[in-house]
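Notes for the one structure printed next.
Should a chain be cited, it is by its letter among A, B, C and D, assigned in written order, with residues numbered from 1 in that chain.
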Amino acid sequence: MADLFQRIHANFRRQRVMALFGAELKTVQEGLAEIELAYREDLTQQHGYLHAAVTTAIADSACGYAALSRMPEGSDVVSVEFKVNLLSPARGERFVARGEVVRAGRTLVVTRGEVMAWHGEEAQTVLLIQATMMRVTG
Amino acid sequence: MADLFQRIHANFRRQRVMALFGAELKTVQEGLAEIELAYREDLTQQHGYLHAAVTTAIADSACGYAALSRMPEGSDVVSVEFKVNLLSPARGERFVARGEVVRAGRTLVVTRGEVMAWHGEEAQTVLLIQATMMRVTG
Amino acid sequence: MADLFQRIHANFRRQRVMALFGAELKTVQEGLAEIELAYREDLTQQHGYLHAAVTTAIADSACGYAALSRMPEGSDVVSVEFKVNLLSPARGERFVARGEVVRAGRTLVVTRGEVMAWHGEEAQTVLLIQATMMRVTG
Amino acid sequence: MADLFQRIHANFRRQRVMALFGAELKTVQEGLAEIELAYREDLTQQHGYLHAAVTTAIADSACGYAALSRMPEGSDVVSVEFKVNLLSPARGERFVARGEVVRAGRTLVVTRGEVMAWHGEEAQTVLLIQATMMRVTG
């Protein structure tokens, strides 16, 4: 399990835009990944809430790493496509994206996920994602 | 027409994440908007290409501003949902997102768009988007 | 509860294409609906499995009726958009689509659902849907 | 070209649900396909317009056959996923779905399409689709 986290984390660290956002990979299990992010003013849209581009970014990545966790070592993963519904403005101090594998084929992996916005002790789902990931090698 | 650009541009400037990405609003016409971005290393994924989060961000915004250009003054726009297909890695020096209105209703506006990656004189479509925008007031 | 089922069922019966498919509304609760269908040869694709058009039809309708169950009496519902992932061929004797409300706004309702294919005692998820429904009146 | 049409048409004829709907394959070119359908009362939704299940079915199939037209002989095609926006009720006497290839990879083919509703001499776009198709063999 430690190995799985380390393998995925090594990939995560190479995504420079995740560092720019201050996003952290928090959890990796077989078929599941979670990425967390703190609110920052330079990540906002016109009303001061977190921009959908940022919640989408961590949702897509969580789905991608959930998929990668089900692939053999040496694999890499790319997003083929995804669809998000934005349920409400991303108000909060902390945002947690979770991605889960629904069906893992040899080449394509279908995933679902969501982003929760935490405001103190209260959480609200702000984004739903349904995404297709593809295994690539080399 | 200058007025339309200025009205949309005022909204664009309040999206802090667009400044973080170095994105610029280039074109606004009735039912169409274009946003441009230069390659930067801190915007990349694990293979050194522009991250899909960034191409998605400018595609979604271009669709949103295309929609806003068809709404009465005083309106604002939010993304209800969008779906992207990532056609190939976002290789290039410069990225241009274009969004266009397909159907404008009173509340909902349906849009399509794409992102072109420019490498010298050559351009390649790297992302397709189909998105639903909603008019909000106040 | 009986009233809720009857109200939704009255709407369901007016969808002529559901009768053509032999689809039946089985369950309605607040925020949830299920539609069932038996395999029939005239509903198949080129390999003899149930056509994705048919599984999509019952998935979209289950989501629509889940949404309608959360709307005031006198409302009707239309699909704004939906996205489906087809996980595997729809092999089976019996197909059950379930739709559930994730977020109900005044005008728009966001839903998720899936279709299970039953082959004897075994079930397999063959389709995932994420859909936006809109309340209409009159 | 006649050969291409015949090869695709042989596949189309094996989709029993297309016969049930009275759908006809009208046009096939490299990277493009069109399917047509006449209004029929048993294909309607609760307001008497053509059901979105039926417009979606011909849109998905048109995209699939557009994709198949770009694949080597002996290939077959399955839909991986699709996303539709329903722009307005499908009012009309005749419905034409067109699918076009945007990017053809070795395994995955990305397509876009729409459905036009014809009412006398007037046409209106009633559905947009963005879909991913996969080549299968055997």
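Quick note on the criterion: contacts are C-beta pairs under 8 Å (C-beta built on N, C-alpha and C of every residue); 3 or more make two chains touch, one makes a residue touch a chain.
Please read these numbers as outputs of a predicted model, since none were measured by experiment.
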item: Chain whose average C-alpha position is farthest from subunit C's own; value: B
item: Chain pair, B-C or B-D, that carries the greater number of C-beta contacts; value: B-D
item: Rounded Å distance, subunit C centre to subunit D centre (Cα mean); value: 21
item: Distance from the mean Cα position of subunit C to that of subunit B, given in whole angstrom; value: 33
item: Computed distance of Cα centres, subunit D from subunit B, in Å; value: 29
item: Overlap residues in subunit C, where contacts from two or more other chains coincide; value: 80-81, 83, 85, 132
item: Subunit A residues within the subunit D interface of the complex; value: 80-81, 83, 107-108, 110, 132, 134
item: Subunit B-touching residues of subunit D, taken from the complex the two chains share; value: 83, 85, 87-88, 102-103, 110, 112, 125, 128, 130, 132
item: Of all residues in subunit A, those that touch subunit B in their complex; value: 11, 14-17, 19-20, 41-46, 51-54, 56-57, 60-61, 76, 78-86, 89
